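Just passing along the structure, written as C-alpha coordinates.
Lettered A, B, C and D in written order, each chain numbered from 1.
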(Lines give C-alpha, C1' and ligand atoms only; values in the text may rest on other atoms or scores of the structure.)
Protein backbone atom coordinates (compact mmCIF):
# COMPACT_ATOMS: atom_id res chain seq x y z
CA UNK A 1 0.00 0.00 0.00
CA UNK A 2 1.75 3.22 -1.06
CA UNK A 3 1.75 5.95 1.53
CA UNK A 4 1.28 3.44 4.33
CA UNK A 5 3.36 1.56 6.86
CA UNK A 6 2.96 -1.98 8.14
CA UNK A 7 2.91 -3.08 11.76
CA UNK A 8 4.13 -6.63 12.39
CA UNK A 9 2.68 -8.14 15.57
CA UNK A 10 4.32 -11.10 17.28
CA UNK A 11 3.49 -13.40 20.20
CA UNK A 12 1.28 -11.68 22.80
CA UNK A 13 0.91 -8.61 20.52
CA UNK A 14 -0.55 -10.79 17.80
CA UNK A 15 -2.81 -12.49 20.34
CA UNK A 16 -4.01 -9.12 21.67
CA UNK A 17 -4.93 -7.82 18.22
CA UNK A 18 -5.95 -11.11 16.68
CA UNK A 19 -3.85 -10.37 13.60
CA UNK A 20 -0.22 -10.75 12.58
CA UNK A 21 -0.02 -7.46 10.68
CA UNK A 22 -1.81 -4.10 10.39
CA UNK A 23 -1.40 -1.61 7.55
CA UNK A 24 -1.80 2.04 8.52
CA UNK A 25 -1.75 5.11 6.27
CA UNK A 26 0.88 7.72 7.07
CA UNK A 27 -0.29 11.28 7.69
CA UNK A 28 0.56 13.45 4.65
CA UNK A 29 3.21 15.34 6.61
CA UNK A 30 4.70 12.02 7.83
CA UNK A 31 4.42 10.66 11.34
CA UNK A 32 6.77 9.52 14.07
CA UNK A 33 7.16 6.05 15.55
CA UNK A 34 5.61 7.32 18.79
CA UNK A 35 2.56 8.75 17.05
CA UNK A 36 1.93 5.52 15.15
CA UNK A 37 2.24 3.36 18.26
CA UNK A 38 -0.02 5.65 20.29
CA UNK A 39 -2.68 5.54 17.56
CA UNK A 40 -2.64 1.75 17.48
CA UNK A 41 -2.73 1.52 21.29
CA UNK A 42 -5.79 3.79 21.18
CA UNK A 43 -7.46 1.43 18.71
CA UNK A 44 -6.64 -1.89 20.46
CA UNK A 45 -7.00 -1.64 24.21
CA UNK A 46 -5.66 -5.16 24.80
CA UNK A 47 -2.44 -4.18 23.04
CA UNK A 48 -1.55 -1.42 25.53
CA UNK A 49 0.05 -3.50 28.31
CA UNK A 50 1.84 -5.59 25.69
CA UNK A 51 3.27 -2.49 24.00
CA UNK A 52 4.64 -1.24 27.29
CA UNK A 53 6.71 -4.41 27.67
CA UNK A 54 7.76 -4.56 24.01
CA UNK A 55 10.73 -3.40 21.99
CA UNK A 56 10.11 -1.89 18.58
CA UNK A 57 12.08 -2.46 15.40
CA UNK A 58 11.87 -0.49 12.17
CA UNK A 59 12.90 -2.28 8.99
CA UNK A 60 14.75 -4.97 10.92
CA UNK A 61 16.61 -2.70 13.35
CA UNK A 62 15.70 -1.98 16.92
CA UNK A 63 14.44 1.57 17.35
CA UNK A 64 14.05 3.17 20.76
CA UNK A 65 13.61 6.79 19.67
CA UNK A 66 9.89 7.61 19.57
CA UNK A 67 10.67 10.69 17.48
CA UNK A 68 11.94 8.54 14.59
CA UNK A 69 10.20 9.79 11.42
CA UNK A 70 8.51 7.01 9.41
CA UNK A 71 8.51 6.75 5.64
CA UNK A 72 6.00 5.00 3.37
CA UNK A 73 6.71 1.28 3.16
CA UNK A 74 8.39 1.09 6.59
CA UNK A 75 7.86 -2.11 8.57
CA UNK A 76 7.42 -1.58 12.29
CA UNK A 77 7.76 -4.76 14.35
CA UNK A 78 6.36 -5.10 17.87
CA UNK A 79 8.57 -7.50 19.87
CA UNK A 80 7.11 -8.55 23.23
CA UNK A 81 9.57 -10.35 25.52
CA UNK A 82 10.98 -13.35 23.68
CA UNK A 83 9.78 -16.80 24.65
CA UNK A 84 11.40 -19.15 22.17
CA UNK A 85 13.41 -22.24 23.01
CA UNK B 1 42.98 -73.93 36.80
CA UNK B 2 42.12 -75.41 40.19
CA UNK B 3 44.25 -74.17 43.06
CA UNK B 4 45.05 -71.00 41.17
CA UNK B 5 43.89 -67.38 41.00
CA UNK B 6 43.58 -65.11 38.00
CA UNK B 7 44.94 -61.59 37.71
CA UNK B 8 43.02 -59.31 35.34
CA UNK B 9 45.17 -56.50 33.93
CA UNK B 10 43.61 -53.36 32.47
CA UNK B 11 44.87 -50.28 30.65
CA UNK B 12 48.47 -49.42 31.56
CA UNK B 13 48.75 -52.64 33.61
CA UNK B 14 47.91 -54.68 30.54
CA UNK B 15 50.37 -52.64 28.47
CA UNK B 16 53.14 -53.15 31.06
CA UNK B 17 52.73 -56.92 31.10
CA UNK B 18 51.69 -57.39 27.50
CA UNK B 19 48.78 -59.61 28.57
CA UNK B 20 45.23 -59.09 29.77
CA UNK B 21 45.30 -61.89 32.35
CA UNK B 22 47.76 -64.00 34.33
CA UNK B 23 46.99 -67.25 36.15
CA UNK B 24 49.01 -67.90 39.29
CA UNK B 25 49.00 -70.97 41.55
CA UNK B 26 48.16 -70.37 45.19
CA UNK B 27 50.62 -71.58 47.82
CA UNK B 28 49.24 -74.73 49.52
CA UNK B 29 48.68 -72.82 52.78
CA UNK B 30 46.94 -70.02 50.88
CA UNK B 31 48.30 -66.54 50.16
CA UNK B 32 47.28 -62.98 50.80
CA UNK B 33 46.45 -60.28 48.27
CA UNK B 34 49.67 -58.48 49.23
CA UNK B 35 51.82 -61.56 48.68
CA UNK B 36 50.33 -62.19 45.26
CA UNK B 37 50.81 -58.60 44.14
CA UNK B 38 54.37 -58.48 45.41
CA UNK B 39 55.22 -61.68 43.56
CA UNK B 40 53.82 -60.32 40.30
CA UNK B 41 55.61 -56.98 40.76
CA UNK B 42 58.82 -58.96 41.24
CA UNK B 43 58.21 -60.77 37.98
CA UNK B 44 57.19 -57.75 35.83
CA UNK B 45 59.34 -54.71 36.57
CA UNK B 46 57.29 -52.45 34.28
CA UNK B 47 54.20 -53.26 36.32
CA UNK B 48 55.59 -51.82 39.59
CA UNK B 49 54.87 -48.12 39.07
CA UNK B 50 51.47 -48.99 37.62
CA UNK B 51 50.58 -51.11 40.66
CA UNK B 52 51.45 -48.27 43.00
CA UNK B 53 48.84 -46.05 41.31
CA UNK B 54 46.22 -48.80 41.00
CA UNK B 55 43.26 -49.97 43.03
CA UNK B 56 42.70 -53.70 43.40
CA UNK B 57 39.41 -55.55 43.24
CA UNK B 58 38.74 -59.14 44.25
CA UNK B 59 35.79 -60.88 42.62
CA UNK B 60 34.26 -57.57 41.54
CA UNK B 61 34.67 -55.71 44.83
CA UNK B 62 37.34 -53.19 45.67
CA UNK B 63 39.81 -54.57 48.21
CA UNK B 64 42.30 -52.38 50.04
CA UNK B 65 43.41 -54.81 52.74
CA UNK B 66 46.66 -56.48 51.64
CA UNK B 67 46.13 -59.16 54.30
CA UNK B 68 43.00 -60.43 52.52
CA UNK B 69 43.33 -64.22 52.18
CA UNK B 70 42.82 -65.48 48.62
CA UNK B 71 40.94 -68.64 47.68
CA UNK B 72 41.32 -70.80 44.59
CA UNK B 73 39.34 -69.34 41.69
CA UNK B 74 39.52 -65.74 42.93
CA UNK B 75 39.76 -63.04 40.29
CA UNK B 76 42.03 -60.15 41.23
CA UNK B 77 41.62 -57.07 39.02
CA UNK B 78 44.30 -54.39 38.73
CA UNK B 79 42.62 -51.02 38.08
CA UNK B 80 45.01 -48.23 37.10
CA UNK B 81 43.45 -44.74 37.13
CA UNK B 82 40.41 -44.73 34.87
CA UNK B 83 40.65 -43.02 31.52
CA UNK B 84 37.35 -43.74 29.78
CA UNK B 85 35.07 -41.20 28.20
CA UNK C 1 28.28 -23.25 11.85
CA UNK C 2 24.59 -23.46 11.13
CA UNK C 3 21.49 -21.52 12.10
CA UNK C 4 18.00 -22.29 10.84
CA UNK C 5 14.32 -21.63 11.36
CA UNK C 6 12.36 -24.51 9.90
CA UNK C 7 8.82 -25.80 9.69
CA UNK C 8 9.77 -29.47 9.44
CA UNK C 9 10.89 -31.82 12.23
CA UNK C 10 14.30 -31.18 13.77
CA UNK C 11 16.73 -34.09 13.73
CA UNK C 12 19.31 -34.56 16.48
CA UNK C 13 21.17 -36.97 14.20
CA UNK C 14 21.50 -34.27 11.58
CA UNK C 15 22.70 -31.77 14.20
CA UNK C 16 25.36 -34.25 15.32
CA UNK C 17 26.50 -34.79 11.71
CA UNK C 18 26.87 -31.04 11.36
CA UNK C 19 28.95 -30.88 14.57
CA UNK C 20 31.10 -33.97 14.25
CA UNK C 21 34.66 -33.21 13.08
CA UNK C 22 37.82 -35.22 13.72
CA UNK C 23 39.20 -32.36 15.85
CA UNK C 24 36.08 -32.20 18.07
CA UNK C 25 36.72 -34.29 21.16
CA UNK C 26 33.38 -33.31 22.68
CA UNK C 27 29.98 -32.60 21.19
CA UNK C 28 27.14 -31.34 23.40
CA UNK C 29 23.59 -31.07 22.12
CA UNK C 30 20.50 -29.70 23.83
CA UNK C 31 16.96 -30.38 22.61
CA UNK C 32 14.08 -28.35 23.99
CA UNK C 33 10.68 -30.01 23.62
CA UNK C 34 7.09 -28.93 24.17
CA UNK C 35 6.04 -29.71 27.74
CA UNK C 36 2.45 -30.52 28.83
CA UNK C 37 2.34 -27.59 31.26
CA UNK C 38 -0.82 -26.81 33.17
CA UNK C 39 -2.26 -23.35 32.50
CA UNK C 40 -5.45 -21.58 33.53
CA UNK C 41 -6.96 -22.79 30.27
CA UNK C 42 -6.13 -26.44 30.89
CA UNK C 43 -3.24 -28.68 30.06
CA UNK C 44 -1.12 -27.57 27.11
CA UNK C 45 -1.45 -29.95 24.18
CA UNK C 46 0.54 -27.84 21.72
CA UNK C 47 2.49 -24.61 21.47
CA UNK C 48 2.68 -22.37 18.46
CA UNK C 49 6.11 -20.93 17.71
CA UNK C 50 6.37 -17.78 15.65
CA UNK C 51 9.43 -15.69 14.78
CA UNK C 52 10.33 -12.40 13.20
CA UNK C 53 12.29 -14.43 10.69
CA UNK C 54 14.92 -12.04 9.27
CA UNK C 55 15.72 -10.54 12.68
CA UNK C 56 15.68 -13.96 14.36
CA UNK C 57 18.14 -15.38 11.83
CA UNK C 58 20.43 -12.38 12.25
CA UNK C 59 20.24 -12.76 16.05
CA UNK C 60 20.98 -16.50 15.83
CA UNK C 61 23.99 -15.83 13.62
CA UNK C 62 25.36 -13.14 15.92
CA UNK C 63 24.80 -15.38 18.94
CA UNK C 64 26.50 -18.33 17.29
CA UNK C 65 29.51 -16.27 16.16
CA UNK C 66 29.93 -14.90 19.68
CA UNK C 67 29.70 -18.30 21.39
CA UNK C 68 32.04 -19.92 18.84
CA UNK C 69 34.65 -17.23 19.53
CA UNK C 70 34.17 -17.27 23.31
CA UNK C 71 34.58 -21.04 23.67
CA UNK C 72 36.85 -21.63 20.60
CA UNK C 73 34.34 -24.08 19.16
CA UNK C 74 34.99 -26.27 16.15
CA UNK C 75 31.27 -26.31 15.35
CA UNK C 76 27.91 -24.96 16.46
CA UNK C 77 24.26 -25.32 15.51
CA UNK C 78 21.19 -23.32 16.55
CA UNK C 79 18.03 -24.55 14.92
CA UNK C 80 14.49 -23.60 15.90
CA UNK C 81 11.28 -25.04 14.59
CA UNK C 82 8.22 -22.85 13.91
CA UNK C 83 4.53 -23.63 13.67
CA UNK C 84 2.14 -25.50 15.95
CA UNK C 85 4.03 -28.25 17.79
CA UNK C 86 2.27 -30.88 19.91
CA UNK C 87 3.57 -31.86 23.34
CA UNK C 88 6.77 -33.93 23.11
CA UNK C 89 7.95 -32.38 19.85
CA UNK C 90 11.45 -30.94 19.58
CA UNK C 91 11.14 -27.16 19.21
CA UNK C 92 14.81 -26.21 19.40
CA UNK C 93 18.20 -27.88 18.98
CA UNK C 94 21.44 -26.17 19.90
CA UNK C 95 24.81 -27.84 19.87
CA UNK C 96 28.49 -27.12 20.30
CA UNK C 97 31.63 -29.02 19.40
CA UNK C 98 35.07 -28.34 20.86
CA UNK C 99 38.37 -30.14 21.36
CA UNK C 100 37.53 -30.56 25.07
CA UNK C 101 34.29 -31.46 26.79
CA UNK C 102 34.04 -28.58 29.25
CA UNK C 103 33.99 -25.98 26.46
CA UNK C 104 31.39 -27.94 24.47
CA UNK C 105 29.11 -28.34 27.50
CA UNK C 106 29.39 -24.73 28.63
CA UNK C 107 28.90 -23.39 25.12
CA UNK C 108 25.79 -25.55 24.65
CA UNK C 109 24.26 -24.18 27.85
CA UNK C 110 25.22 -20.65 26.77
CA UNK C 111 23.59 -21.09 23.36
CA UNK C 112 20.20 -22.06 24.77
CA UNK C 113 20.29 -19.42 27.55
CA UNK C 114 21.13 -16.63 25.16
CA UNK C 115 18.81 -17.87 22.43
CA UNK C 116 15.91 -17.56 24.84
CA UNK C 117 16.98 -14.08 25.85
CA UNK C 118 18.00 -12.56 22.52
CA UNK C 119 16.22 -14.17 19.60
CA UNK C 120 12.82 -12.81 18.49
CA UNK C 121 10.82 -16.03 18.73
CA UNK C 122 7.58 -16.40 20.65
CA UNK C 123 5.49 -19.32 21.81
CA UNK C 124 1.75 -19.16 22.25
CA UNK C 125 -0.21 -21.72 24.17
CA UNK C 126 -2.65 -23.60 21.95
CA UNK C 127 -4.40 -25.62 24.68
CA UNK C 128 -7.83 -24.07 24.32
CA UNK C 129 -7.86 -23.73 20.57
CA UNK C 130 -6.81 -27.35 20.09
CA UNK C 131 -9.71 -28.43 22.30
CA UNK C 132 -12.33 -26.21 20.71
CA UNK C 133 -11.53 -27.40 17.21
CA UNK C 134 -11.57 -31.02 18.34
CA UNK C 135 -8.28 -31.59 16.58
CA UNK C 136 -6.69 -34.88 17.60
CA UNK C 137 -3.92 -33.79 19.94
CA UNK C 138 -1.35 -36.10 18.39
CA UNK C 139 -1.58 -34.53 14.94
CA UNK C 140 1.20 -32.08 14.27
CA UNK C 141 -0.38 -29.14 12.45
CA UNK C 142 3.04 -27.61 11.95
CA UNK C 143 4.12 -30.38 9.65
CA UNK C 144 1.07 -29.95 7.44
CA UNK C 145 1.99 -26.28 7.01
CA UNK C 146 4.73 -27.34 4.62
CA UNK C 147 8.40 -28.03 4.97
CA UNK C 148 9.89 -24.84 3.67
CA UNK C 149 13.18 -23.85 5.16
CA UNK C 150 13.12 -20.25 6.33
CA UNK C 151 16.43 -19.68 4.53
CA UNK D 1 17.39 -45.35 32.34
CA UNK D 2 19.95 -47.17 30.27
CA UNK D 3 23.60 -48.12 30.65
CA UNK D 4 25.57 -50.13 28.12
CA UNK D 5 29.05 -51.18 27.04
CA UNK D 6 28.95 -52.04 23.37
CA UNK D 7 31.28 -52.97 20.54
CA UNK D 8 29.13 -51.48 17.80
CA UNK D 9 28.73 -47.82 16.81
CA UNK D 10 26.89 -45.56 19.25
CA UNK D 11 23.90 -43.68 17.87
CA UNK D 12 22.93 -40.26 19.20
CA UNK D 13 19.52 -40.67 17.55
CA UNK D 14 18.96 -43.84 19.57
CA UNK D 15 20.08 -42.08 22.76
CA UNK D 16 17.58 -39.29 22.09
CA UNK D 17 14.79 -41.82 21.49
CA UNK D 18 15.61 -43.37 24.86
CA UNK D 19 15.47 -39.97 26.56
CA UNK D 20 12.51 -38.35 24.85
CA UNK D 21 9.32 -38.42 26.93
CA UNK D 22 6.36 -36.01 26.82
CA UNK D 23 7.22 -34.77 30.31
CA UNK D 24 10.87 -34.00 29.39
CA UNK D 25 11.09 -30.34 28.45
CA UNK D 26 14.85 -30.53 28.02
CA UNK D 27 17.16 -33.25 26.76
CA UNK D 28 20.93 -32.78 26.92
CA UNK D 29 23.31 -35.20 25.24
CA UNK D 30 27.10 -35.30 25.29
CA UNK D 31 29.17 -37.32 22.81
CA UNK D 32 32.86 -37.85 23.44
CA UNK D 33 34.87 -38.72 20.34
CA UNK D 34 38.42 -39.89 19.68
CA UNK D 35 40.70 -36.87 19.15
CA UNK D 36 43.84 -36.85 16.98
CA UNK D 37 46.09 -35.85 19.88
CA UNK D 38 49.82 -35.57 19.41
CA UNK D 39 51.88 -37.93 21.57
CA UNK D 40 55.57 -38.79 21.75
CA UNK D 41 54.85 -41.66 19.40
CA UNK D 42 53.20 -39.50 16.77
CA UNK D 43 49.66 -38.41 16.08
CA UNK D 44 46.95 -40.64 17.50
CA UNK D 45 45.03 -42.41 14.76
CA UNK D 46 42.97 -44.62 17.06
CA UNK D 47 42.38 -45.38 20.73
CA UNK D 48 41.61 -48.75 22.20
CA UNK D 49 38.96 -48.75 24.94
CA UNK D 50 38.84 -51.60 27.40
CA UNK D 51 36.69 -52.09 30.48
CA UNK D 52 36.35 -54.37 33.46
CA UNK D 53 32.88 -55.11 32.18
CA UNK D 54 30.90 -56.33 35.23
CA UNK D 55 32.36 -53.68 37.51
CA UNK D 56 32.00 -50.96 34.86
CA UNK D 57 28.32 -51.80 34.33
CA UNK D 58 27.71 -51.75 38.07
CA UNK D 59 29.50 -48.40 38.35
CA UNK D 60 27.51 -46.95 35.43
CA UNK D 61 24.25 -48.08 37.03
CA UNK D 62 25.15 -46.62 40.41
CA UNK D 63 26.24 -43.37 38.77
CA UNK D 64 23.07 -43.12 36.74
CA UNK D 65 20.81 -43.82 39.71
CA UNK D 66 22.59 -41.16 41.74
CA UNK D 67 22.40 -38.50 39.01
CA UNK D 68 18.75 -39.29 38.25
CA UNK D 69 17.89 -38.80 41.90
CA UNK D 70 20.03 -35.69 42.37
CA UNK D 71 18.56 -33.85 39.36
CA UNK D 72 15.09 -35.48 39.35
CA UNK D 73 15.60 -36.67 35.80
CA UNK D 74 12.89 -38.23 33.66
CA UNK D 75 15.53 -40.17 31.73
CA UNK D 76 19.25 -40.87 31.51
CA UNK D 77 21.65 -42.82 29.31
CA UNK D 78 25.31 -43.70 29.79
CA UNK D 79 26.69 -45.74 26.93
CA UNK D 80 30.37 -46.46 26.26
CA UNK D 81 31.85 -48.17 23.25
CA UNK D 82 34.77 -50.60 23.59
CA UNK D 83 37.40 -51.78 21.12
CA UNK D 84 39.76 -49.94 18.79
CA UNK D 85 38.13 -46.67 17.65
CA UNK D 86 39.66 -44.48 14.94
CA UNK D 87 39.87 -40.71 15.35
CA UNK D 88 36.46 -39.04 15.01
CA UNK D 89 34.50 -42.03 16.31
CA UNK D 90 32.02 -41.60 19.18
CA UNK D 91 33.40 -43.43 22.23
CA UNK D 92 30.84 -42.36 24.80
CA UNK D 93 27.32 -40.94 24.88
CA UNK D 94 25.70 -39.67 28.05
CA UNK D 95 22.38 -37.90 28.19
CA UNK D 96 19.84 -36.56 30.63
CA UNK D 97 16.20 -35.55 30.30
CA UNK D 98 14.33 -33.37 32.78
CA UNK D 99 11.26 -31.15 32.88
CA UNK D 100 13.55 -28.07 32.80
CA UNK D 101 16.69 -27.37 30.80
CA UNK D 102 19.05 -26.40 33.62
CA UNK D 103 18.67 -29.78 35.33
CA UNK D 104 19.17 -31.66 32.06
CA UNK D 105 22.31 -29.69 31.18
CA UNK D 106 23.86 -29.96 34.65
CA UNK D 107 23.06 -33.66 34.92
CA UNK D 108 24.61 -34.32 31.51
CA UNK D 109 27.85 -32.59 32.55
CA UNK D 110 27.78 -34.50 35.85
CA UNK D 111 27.34 -37.83 34.09
CA UNK D 112 30.42 -37.43 31.91
CA UNK D 113 32.58 -35.98 34.74
CA UNK D 114 31.71 -38.79 37.10
CA UNK D 115 31.89 -41.48 34.44
CA UNK D 116 35.50 -40.51 33.78
CA UNK D 117 36.30 -40.56 37.48
CA UNK D 118 34.44 -43.65 38.66
CA UNK D 119 33.95 -46.17 35.90
CA UNK D 120 36.67 -48.79 35.25
CA UNK D 121 37.29 -48.07 31.57
CA UNK D 122 40.70 -47.38 30.06
CA UNK D 123 41.94 -46.01 26.79
CA UNK D 124 45.24 -46.98 25.24
CA UNK D 125 46.83 -45.03 22.46
CA UNK D 126 47.13 -47.07 19.26
CA UNK D 127 49.14 -44.55 17.23
CA UNK D 128 52.27 -46.64 16.77
CA UNK D 129 50.65 -50.00 16.43
CA UNK D 130 48.23 -48.73 13.81
CA UNK D 131 51.14 -47.44 11.80
CA UNK D 132 53.27 -50.58 12.10
CA UNK D 133 50.46 -52.82 10.95
CA UNK D 134 49.70 -50.51 8.01
CA UNK D 135 46.04 -50.68 8.86
CA UNK D 136 44.02 -48.05 7.00
CA UNK D 137 43.23 -45.47 9.66
CA UNK D 138 39.64 -45.10 8.58
CA UNK D 139 38.77 -48.72 9.20
CA UNK D 140 37.13 -49.28 12.54
CA UNK D 141 38.59 -52.50 13.93
CA UNK D 142 36.10 -52.33 16.75
CA UNK D 143 33.23 -52.94 14.43
CA UNK D 144 34.90 -56.03 12.92
CA UNK D 145 35.30 -57.42 16.43
CA UNK D 146 31.60 -58.18 16.47
CA UNK D 147 28.58 -56.32 17.68
CA UNK D 148 27.80 -58.17 20.86
CA UNK D 149 26.22 -56.11 23.57
CA UNK D 150 28.09 -56.38 26.80
CA UNK D 151 24.79 -57.11 28.57
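Convention: a contact is a pair of C-beta atoms (placed from the backbone, for glycine too) under 8 Å apart; a residue touches a chain by one contact, two chains touch by 3 or more.
What you are looking at is a predicted structure, and each value in this text was computed from that prediction instead of being measured.
Participant: Chains touching chain A and chain D alike, please list them.
Facilitator: C
Participant: Taking CA centroids for every chain, report which one is farthest away from chain D.
Facilitator: A
Participant: CA centre of chain A versus CA centre of chain C: separation in Å?
Facilitator: Result: the chain centres lie 27 Å from each other.
Participant: Between chain B and chain C, what distance separates the C-alpha centroids? Give it in angstrom.
Facilitator: Computed from C-alpha means, the inter-chain centre distance equals 51 Å.
Participant: Between chain A and chain B, tell me the centre distance in angstrom, where each centre is the average of that chain's C-alpha atoms.
Facilitator: 76
Participant: What positions in chain A touch 2 or more of the other chains?
Facilitator: In chain A, the residues touching two or more other chains are 85.
Participant: Taking each residue of chain D in turn, which ones touch at least two of the other chains?
Facilitator: In chain D, the residues touching two or more other chains are 32, 101, 112.
Participant: Applying that definition of touch, give me each pair of chains that meets it.
Facilitator: By the stated definition, chains touch in these pairs: A-C, B-D, C-D.
Participant: If we count contacts the way the header does, which residues on chain C are in touch with chain D in the complex?
Facilitator: Spelled out, the residues of chain C in touch with chain D are 11-13, 16, 20-36, 87-88, 90, 99, 101, 104-105, 108-109, 112.
Participant: Please output the residues of chain D touching chain B within their complex, sorted ascending.
Facilitator: 32, 49-52, 54-56, 58, 80, 91-92, 112, 115-124
Participant: Residues of chain A touching chain C in their complex?
Facilitator: Those residues of chain A that touch chain C are 8, 10-12, 14-15, 20, 57, 60, 77, 79-80, 82-85.
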